[in-house]
Each structure stands twice: as C-alpha cells, then as structure tokens.
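Shared between the two complexes below is chain A, which has chain B as its partner in the first and chain C in the second.
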Partner chain A sequence: MKAIIFTSALGILAMISEIIGLKKIILPLLIVGLLLTIGVNIYTEWNYTQVYYGMMLADNYYVAFSTVLLSITVLWLLLSSESYLNEEYNRGDHYALILFSTVGGLLLVSFNNLATLFMGVEILSIPLYILAGSDKNNKYSIEASIKYFLLGSFATGIMLLGIALLYGATGTFDLGLIAQYNAKNMDNTLYYGGTLLLTLSFAFKVSAVPFHFWAPDVYTGAPTFITAFMSAFVKVAAFAGFYHFIQQAYLSIPLPMENTIILLSGATILVGNIAAVYQTDMKRILAFSGIAQAGYLLLLLPIQGELGKSSLLVYLIAYGIANLPAFYVLYKVSRIGGSTNLESFEGLGKKQPILALVLTLSMISLAGLPPAAGFFGKFYLFTLSINNGYLWSVLIAVIGSLISIYYYFKVIIRMYTSTESTTGDSSLSPSLQVYVTLVVLLVSILILGLFPDILVSIGRLL
Partner chain B sequence: MITTFLIGFPLLAALFVYLSGNKLAGKVAVIASLLELAAGISAFLDFNPIIIWNFEQRIEWISNLNIEYYVGMDGISLVLVLLTVLLLPVILITGLLSKLKDTAAFYSLALLMQSALIGVFTAKDVFLFYIFWELALLPIYFICLQWGDENRKATTFKFFIYTLVGSLFMLVAIIYLYLQTPDHSYSMESLYSLRLDSIDQTFVFLAFVLAFGIKMPIFPLHTWQPATYTSAPTAGTMLLSGIMLKMGIYGVIRWVIPITPIALESYGCWVIIAAVIGILYSSILALQQQNYKTLIAYVSIAHVGLIAAGVFSASFIGIQASLIQMFAHGINVVGIFLIIELIVKRTGTLELSKLGGLRHQAPILNVFFLIIVMASIALPLTNGFVGEFMLFVALFQYSPILTAIAGLTIILGAVYMLSSFQKIMLGDVNPNYSHVQDVTLGEALTLVPLIALIIIMGIFPNIVLEQTEASVEMLLQSMQKTVSSIN
Partner chain C sequence: MFNYLFLCTLLFVIGALGMMARRNLLVMFMSIELMLNAVNLLLVYFSSIHGDAQGQVFVFFVMAVAAAEITIGLAILVMIYRNIKSIGIEQLKNLKW
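Moving on to the complex of A and B:
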C-alpha cells in the first residue's frame, strides 16, 4: 500500500517538476525516491500479511514482486537517462507516465478483488499507449500506439466480460469468496466462461500465441526505451498478476484452464522461436524472443505452491536483468548506425567491446546457457514442469530453446566477425551512471546464475 | 583441495591474463599453465589408486535443489586431468607461434576452457558436471568464431548447434534422473544406486548417447567435425581434438555405463556398429583428402570410433584400453597439429599437392613428424600401440566380425598417414620451399616433451593402467549390481 502511494506521489512530482523548477534534478530525485520506497516497502510489509479494505492483499508475494517491479523501473530510469538528455522528449511527462504504469504493475501483483485487477491492468496500459506513440515524428511510432491501444482495449473488454461472467456465477468480485465458491461448485458454465475469458485476456497481455500479433509491430514502432519497459516491466507485471490470480481465485487450478495454458505454452514456444529465426531487425528478434520466453513461463502457471512461486521469481528476475541491458545496447547501436538491423551490429566487438560483452552475456542468459542467470531459471522451470508431469511440454521447450540459440547467437556472430578492421569508437561509450548500472547488471546475471540459492529460498517464503 | 585448485587456478589465471594486456598475455598464460601442470603432477604423485576416490571435496551449493559442489578424482578422472594439464602448455605455445591478434582474449578463453574441462572430468555431482560441460563449449565457440578462417561463421555455428542439441536433451535426462532418486540428489552415489526399469533406461541412454556421441563424434553425428577442425585456428583444433572430444568418451564411462547398463546391453551393439562404420567410412574419406588438416580430422573420427567401440563393449579391458588410448590420442593429435602449425608457418599451405620435399630443408622437423606419425599408426613401442591392441582385444571378445572390419583401419591408417607424410616431407626438393628453415630451439623444446611421452608411454603403459585399474573395476561392479538387482 505504501509503495503504491509513494510511487503515485513520485509520479505527480515528476509531472509538475517542470512547473516548480525541478526539471534538472528530477531523475536523481525519482531514483532516490523509488529506492526509499523499495526499502520502506520491504521493511514494513515483509512477513506482515494484510488485506487493505478487501481490495488489496499485501503478502510476501506482493512484497517480492513489487520489489522486482520497482527495481526494474529504477534500472530503466538509469539506463534511459542518456536518451532523455539527447533527444527532444518532455522528460517530466515521460517519467510521470512510467511511474503511473509502475503503479498499475504494483496493483496487478496485489489485487484481492477483480475491480482492483481491472484498475491495475488499465493503469498499467494507458500510459504505455501514450508512450508508444511518443516519438511524434515517426509514423511507425504512431502506428504502434494506435495498434497497441486498439488491441489492448479489446483485450481489456474481454477481461471485463470475463469479470462480469464470474460475477454472474459467484455474486462477488472478491477473490477469497470466489475461491470458496470454486471449492463447492465445480461445474458451472458461466463460471468457466468467465475463467476462460480472463485467461485469454491475460494471454494477450503476456503476448501468448495466438494473441501475440500486436507485440512485434508495437515493439518495433515504439521508441527503444519504451519497448524495453514494455518487454521487461509489463511482462513481469502481467505474469506475476496472472499467477497471483490463479493462486488466489482457485484452490487448485481447474483442468480446462490447465489444459488451455499448456496448449498455449506449446504454441507460444514454437511460434515465437520459429518466427524469430526469420527476423533481420534486432528489435523484432527481441520481440519474438519475448513471446517465446512467455511460452516457457506459461508452463509455470499451473504449478502452484512455494516451488512454483520461487521458480517464477527466479525466471522473471533473470529475464528482466537480461532484457534491459540488451535494449540499452540496441539503443546505442541504433543511435550510431541509424537502424536496429542486424547489420548495424557488425564489428561491435571491436568498436565497443564493453557493449558487445553486455549484449553477449544478455543473449547467453536469454538463450539459457550457463553460467548466466537464464540458465538456472530455465533449469528450475524444467525441473518443476517435469515433476508436474509436463514432460512433453518440456521437450517442446527444449526444442524451442535450441531454435532460439540460432537467433540469439546470430547477433553475437555479427558482433565478433567483422571483415573490415575497425577501431574503437568512443562516441558509443556509455555515460558513467549507465556504465555502473551495466556492470551491476552483468555481475548480477552471473551471480544469479552461479549462486541462485538465496533467491530460491526467498521465493519459497512467498 | 587440489581438485578445487586445479579447477579454480586457471579461472583466476584467465582473469589475470586478460588484465595483463596483449603484450604480456601469452607469457603469463604459459607460465600459469605450467604452474597448473606442476599442480597436476603433484596430484598424480599423491594419488592413491587403491582408495578409488582421492582429493574429494563436498560443499553445499544450491541447497534448495540439493545441488552440491562435489568434486574428486578417481583413476579415470586422473588420467584425463593429467592429459588436460599436460596439453594446455603445448596448446598455448602453439597459439604464441601462430601470431594471433587480440591474444589476451584468446589466452584467457583457453584457460577458461581448461578450468571447465577439468571440472567436467572431476565433477561428482551431475548438475555440476552439466554446468562444466556447457561452460567448456562457450570458450571454444568464441575461439573458433574470432580466430578461425573465412568459413568460420557457418562452421562454428553448425558445431555449436550440434553440441547443444545433444546437451539440452541430456539436461532433460539429468532432471529426470534427479526426480527418480529417492533423496532427490544429483550426487554420483545416488545416481549409481538408481534402479530404473528398462524403458526409462532406454530414454536416458538415448539422451546421453546423443550428447556424448555428438561430442566424440560417432558416425553419423560427426558431420560438424571436419569443417570445424579445418576452419578453427590450430590451437583451437588442438583443444577440440586433444581434449574436448574426450569429454564425450569420459561421459559414457562415467554416467552411461553405471546408470543405464540394461539399455547399454540392448542397444550398445548398435552404437558399436555405428562406430565401426564410422571407422571405415572416415578412413576411406581420409584417403581422399587434399587438405592435411581435414585429413587429420577424419583420422581423428576413425581413432575415436575405435575408442568408442571399446567403451561401449563395457568390458574391463575395453575401458582400460580406452583410457590409455584417450591419453595417447590426445598427445599424438596435438603433436600432429603442432607439426601442422609449423608447416603452415613455413609454407603457408596445407594442400598436399602443393607440398613436398620439406625433408631436405628441415631434417629435424622430419624426424619429429615421423615419430608422431608412427605413434598415430600404432607402431609398437609408441604410445598408440598398447591402447589399440587392447581395444582390438576387447572388440574381439565382443564380436570377431566387427573386429575384422575395424581391423582394416590398421592398414588404411598406415596408408593415409604414410602417404600424406610422404607427400609433405619426402620427394625432390621443391623450389618454392628452398628458404624453409628447420625447427627453432623453442619449437623443438615444445615438441620434445611430446615425443618423450610418446616413447615412455609406449614402453611403460602401466604408468596409466595402474592408476585406473581399481577405479574401472569399481565402476563395473557398480554396473553389475544395477544389472543383477533389476533382473
């Protein structure tokens, strides 16, 4: 609760920063504010489960995932600072929208009432519809914005209908009461209709196949850092929210829902990975890679209990910390090369060894190879899924991972095998704060990959 | 402790080498690898073959999943660790000779690889084994990618995808085995005491053999190998052929034989048949090769095929033979690639049709080359002989017909090795190479230890066999226990 209030207040501060003359120091202010929020949030809410007015459930799950979400926002603010210094954006407004979106994410991991869920989804999405179109002079950005808005509102509409059906069946919006109803009456068409519609609208938010068509276009059209935010923050928030919903609304996941999710997972893994192979634009590759990663994560949703939660936490953190630096490198390369085509990465290993190293490690982590965090995330996920009886799904996931090696390593090959001899290009050097952030991210990718035990233990307390 | 030191020291050295900059990197790396060699030799001297597992260390690592940092060396591990620490200085010096660019990165990758390889050979926790297995792949991938010839993009990519296909299915098998163990553990003891039924064993066997078979490589999984060996820089090819392919054979000995003996009994014959086909096939292809490096790549498939056939026969003599032959093959193949590097440096080509008559200008090189060629066609009193002889004995006990077919390789081996030697070194003086110089002192000093090992091991093969005897017996006992408790 405190985190939501603080973050909203910081958002408002960002919005009026230009009027009250704080424009210059708004970024450090926000970062300090968010870090304080994280601290206060952990200090006051950890191990202190509380329901606020029947609308919000602040348990350990909420504390862990709100920490992850707020950290992603902090990292995003740090990494994107260069782009906002260089380009003609209204920084204050952008930061305000990002923070409001963060609030939406926080609601998504804590809702105890379907009304809160709906609010969370809307607060998360509406700022992003605007931000996707914030590159005003670029028609692709406008296209991305409109596409995202239209399809997103359509998905929200489906979610509302689902909520209405659930209300019709159970007579309540409260997740606890729905769970009680679920325990007593297992065969109600209205109820399953609502469940299915909610599942589908979540599938849209996490860009699962066949609801993924918006993702590549929106990711490509939107300004690079907005794409980074969508791909890291929104995916984490949507998955944590989806998991939270299943966990709170059902004592055990209904079989039709489990089958739907497993089916979606297989399709998402295959389509996401195969489509990514044919892309030549790095942004689209990352978009499809995001879709494929969603496929692996879907496997976790039916696995309730402490192990499922810890695996979700590990995987989402690994995904977030690999994705953000990749987008940063993408931004830098597109600044110099003018495009995000794979050709622009040619010879980056010589021009900017540090950026190339960052991208290499991110790709290795996303591909799921040791010693990066992504490996342990995938390994843990596969272990739980096999234990849960999804051996065939895991085999599909393994085939998907193999395909993914192709496109993740395509860019690595480009970076390290340039034919022309180029020397260091200092115009690509990151600024000091970004440099430090990148080093922190790289080290945490390795630490999390080699010593994931603490995180797993935390996950088991949720 | 010494095991951890052997794994950790190259890792630290890699960092140090990278920081020491391009000028010093080579020397620092060679010194580090020599220190590592000293540590390896001291481990060898302290080693007690009777108690099987020496120098064990067991620390909790990811306790939530019961994953441990659990390492140790038995005779089987010791042989391969020794091979790794012996060969790395030679490989690094070859790197120095071939004048690579960006040497700091190259040497630190090579040292990283050494650390991972020793990890593979000493891990007693199968998860740890898998981590090292994958970690060994990344450095060699970047070595081939950055320092290979113009075909490197396609070939290294093929190599990388190929090996990952195997290892990802192996990962699934490992997770499956873990879930089957009663105490949910990855430790070697728990896996060895598993009693899987024959269907489960078959699937696990297939996954493991796919991973290990690609690494070795066994026919028909070998198609990545000749191209990769040809396009990789020579030091990279040495790492691949001298040490890395032993990972596959080691994996079979360590995990397949004790865990899935029933499946091995049922399907092992098919692997042996494939290996024998591979021996014949690659020997015939080797006869046709014009590029000497590609030729050696095919020869390597033939040699490894024979070792694989010995291992899959799962007999005491077969495994013993494979261990001594792995050691010998590592030394011989690295020796040949070192000679190749010296020839390329002098003539700029490896096309057999363009070479010839080098003996006149480089008589000492000629002698070294001849000894290594003799060792690789298994002349008695060289290191290749004992292993090959024992392998044929093991294979004969398994199937005389297959032995007869595989035996053709003795003849073919002599043909392709000697005729290629003739094309390179013998014949009239080639006017193009009149300025070619003989080996320098530094080069000779690198070759002499290899030659010495070839001869010493040829005369005293027991140096290796003594160390491994008890461990192999133990392994086979464990396998017998599994078989008898299921039947």
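Moving on to the complex of A and C:
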C-alpha cells in the first residue's frame, strides 16, 4: 500500500518536474525515491499481512513481488539514462508514464477484488500504449502503438465481460467470496464462462499462444528501451498477477482450468521456440523467446502452495535480470550498426568485449544453462511440474529448451566468429552508471546461478 | 434473465466483429465502446437482480477507464494521421513476419 502511494507520488513529481525546475536532477531523485520505497515497503509490510478495505491484500507474496517489480524499474531507469530519453525535451513525461505503469504492476500483485484487478491491468497498459508510440515520427513506432492499443482494448473488453459474468454468477467482486462460492457450486455455466474469459484475457497479457500475435510486432516497432520495459516488467507483473488470481479465486484448482492452462502452455512453448528459429532480427528473436518463456511459466500456474510461489519467484527474477541487459546491448548495437539485424552483431566480441560478455551471459541465462540464474529457474520449474504429474508437458518443455539453445547460441556465435579485423570502437562503451548497473546485473545472474538457496529460502516464506 | 444476457452478448459480439471486420480506425474505436457498454449494461442488470450496488459502482470505474482509453486512442490516431495522412489501417503493415 505504501509502495503504491509513494510510486504514484514519484510519478506526479516526474510529471511536474519541468514546471518546478527539477528537470536536471529528476533521474537521481526518482532512483533514490524508488530505493527508499523498496526499503520502507520491506521494513513495514513483511510478515504483516493486511487487507485494505477488502480491496487489496498486502501479504508476503505482495512484498516479494513488489520488490522485484520496483527493482526492475530502478534498473531500467539506470540503463535507459543513455538512451534517447536523455536528448528528448520531455523526458519527465516518459519517466512519469513508466512510474504509473509500475503502479499498475504493484496493483496486479496485491488485488483482492475484481475491481482492483481491472484497474491494475488498465493502469499497467494505458501508459504503455503511449510509450510504444513515443518515437513520434517513426512509422514502425506508431504502428506498434496502434496495434498494441487495439488488441489491448479488445482484451480489456473480454476481461470485463468475464468479470461481469463472474459477478452475475456469484453476486460479489470479492475474490475470497468467489473462491468460497466455487467450492460449493461446481456446475454454473455463467461462472465457468466468466473464469474462461478472464483466463483468456490474462493469456493475452502474458502473450500466450494463440493470443501472441501482437507481441513480435509491438516489440519490434516500439523504441528498444520501451520494448525492454514491456519484456521484463510487464511480463513479470502480468505473470505474478495471473498466478495471484488463480490462487485467490480457487480453493482448489478445478480440472478444466488446469487442462486449459496446460494446453496453452504446450502450444506456447512449441510455437514460441519454433518461430524464433526462423527470425533474423534480434528484437524478434527476443520477442519469440519471451513468448516461449511465458509457455514454461504457464506450467507453474496451477501449482498451489509455497513451492509454486518460490519457483515462480526464482524464474521471474532470473528472466527479468537476463532480459534487461540483453536489450541494453541490443540498443547499443542498433545505435551504431543502424539496425537490429543479426548481422550487426558480427565481430562484437572484438569491437566491444564487455557488451559481448554481457549479451553472452544473458543468453546463457535465458537458455537455462549453468552457471547462470536461468538454470535453476528452469530446474525448479521442471522438477515441480513432474512432481505435480505434468510429465508430457515437461517433455514438451525440455524439447522446447533444446530448440531454444540453437537460436540463443546463434547470436553468441555471430559475435565471436568474425573474419573482419576491427579494433575497439570507443563510441559504443557504456557510461559509468550503466557500467555499474551492468556489473550488478551480471554478478546477480551468477550469484543466483551458483547459490539459488538465497531466493528459495525467501520463497518458502511467501 | 436469458433475454438480458442475450441482448448484452449480442451487443458485445457486434462490437467484437466490428473490431475484426472494419478497417477504419474511428469505427474500430466505436466498436470498442460498444463492447465496453454492453458489459456495463450486463453489470447493471446483474446488480439489480442481486440487489447489490457494487455492480453499479463498477460501471463508473469502467466508464472512467473507457474515457481514458479512448482519449489515448484518439491521440494515437492523430499521430497516425500526421504521419500517413489516412486513418485506414491498410497502410499500417510495415511490421510483419
């Protein structure tokens, strides 16, 4: 609750920063503010479960995932300080929109009522429609913006119809009461229609097949740093919200729901991985890799209890910290090479060893190989799913992971095998703050890959 | 009960089909509004049969969000018109695999 208020206040501060003359120091101010918010949030709300007016539930799950989300925003702000945002005259507005989107993400991990869920999804999405089109004179950017807007509004409509049907069946918006209703009445058409529609609209938000068509187009068209935010932050928020919804709305997951999710998961893993193999544009590869990762994560959703939560936490953190640096390197390369094609990565290992190292490690983590954090994310996920009896789905997921190694390593091979003999290009080297951020990210990828117990022991308390 | 449900679903489906079939952005925006308002009608109906005011309050939320969403949509529309001098979506096909 405090985190939501503080983040909103910081967003408003960013919005009026140009009027009150704080434009020069707004970025450090926001970063310090967000770090303070993280501290206050953990200090005052951990192990102190509270329900605010029946609308919001602030338990340990909320504290853990809001910390993850706020940290992603902080890291994004640090990395993006080199981008076009630095040149634009209205960067305060961009930061304000990012922070409002963060508030939406925080609402998504704490809702206890369908009204809060709806507001959270909308507050998360609406700033992103604007940000996707923030490169105003680029025809790709505006196209991405309108596609995201139209499909997002469509998904909102479907979500609202689902909420209305659930309300019709149960007579309440409160998730606790809905869960009790579900335990008593197993065969209500309105109720099942409502949950199905809600699940579909969530599947759209996390870009699960067959609702993934927007993702590659929007990711390619939007400015690279906005894509990074969508890929890292929005996916984490949407998944944490989806999991939260399924855990809150059911006392025990009914079989049709479980089967729907497992089916979605299998289709997403196969389509995402196979489509990624045929891409030649790095942004599209990352977009399809995001779709494939969503497929693995869907396997976790029907699993209840602390094991499911801690596995979700490990996987989402590993995914977030691997994605952000990959997009940063992509931005740097496209800035010099002029395009995001795979050819622009040729010889990067010689020209910029640091950037190449960063990209290599994040690709290894996304592929799920040791010693990176992604390995334990996948390891826990697969073990838990097998224990829960999803043997065939895990088989599909393993095949998908094997395919994914091909396209993740395609990039790495391009970087290190080049016939050109080029020397270092100093215009590509990152600034000091970005350098520090990259080191922090790389070290945390390695630490979480070598000592995953740190996170698992936190996850057991959720 | 069935009649109201049928009317609202019909309105919603008309909106959804409009989104898929029409190629003019303004008509697509109207289709979105139609979908959201069909849901509003359904919420008000359920609210009255349950004798519970929450559903009607939710309608206000939906209206406010729909207004915000359509404002953003119109802003994007203006941006598109400035770039390609048209509001049809036929010209917007640069991104595809």
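We adopt the following convention: the second predicted complex is superposed on the first by the 457 of 462 C-alpha atoms of A that agree within 3 Å, B and C clash if a C-alpha of one lies under 4 Å from a C-alpha of the other, contacts with A are read in each partner's own complex, and residues count from 1 in each chain.
Keep in mind that, in the parts below, a contact is a pair of C-beta atoms (placed from the backbone, for glycine too) under 8 Å apart; a residue touches a chain by one contact, two chains touch by 3 or more.
Remember, predicted model here, so these are calculated numbers, not experimental data.
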item	value
Partner with the higher number of touched chain A residues, chain C or chain B	C
Touching partner for A:I405 - first (chain B), second (chain C), both, neither	first
Touched partner set for A:S429, first chain B, second chain C, both or neither	neither
Which of chain B and chain C A:N188 touches, first, second, both or neither	neither
Partner chain(s) touched by A:I126 [first = chain B, second = chain C, both, neither]	second
Complex contact set, residues of chain A against chain B	310, 349, 364, 369-371, 375, 379-380, 382-383, 386-387, 391, 394-395, 398, 401-402, 405-406, 409, 412-413, 416-417, 451-453, 456-457, 460
Contact footprint of chain C on chain A as seen in their complex	114-115, 118-119, 122, 126, 129-130, 133, 136-137, 139-140, 142-147, 149-150, 153-154, 156-157, 160-161, 163-165, 167-168, 171-173, 216-217, 220-221, 275, 279, 284
Sites on chain B touched by chain A in the complex	61-65, 130-131, 134-135, 137-138, 142, 145-146, 152-153, 156-157, 160-161, 164-165, 168-169, 171-172, 175-176, 178-179
Residues of chain C touching chain A in the complex	5, 8, 12, 15-16, 19, 25, 28, 32, 35-36, 38-39, 42-43, 46-47, 49-50, 52, 54-55, 57-58, 61-62, 65, 68-69, 72-73, 75-77, 79-80, 83-84, 89, 92-97
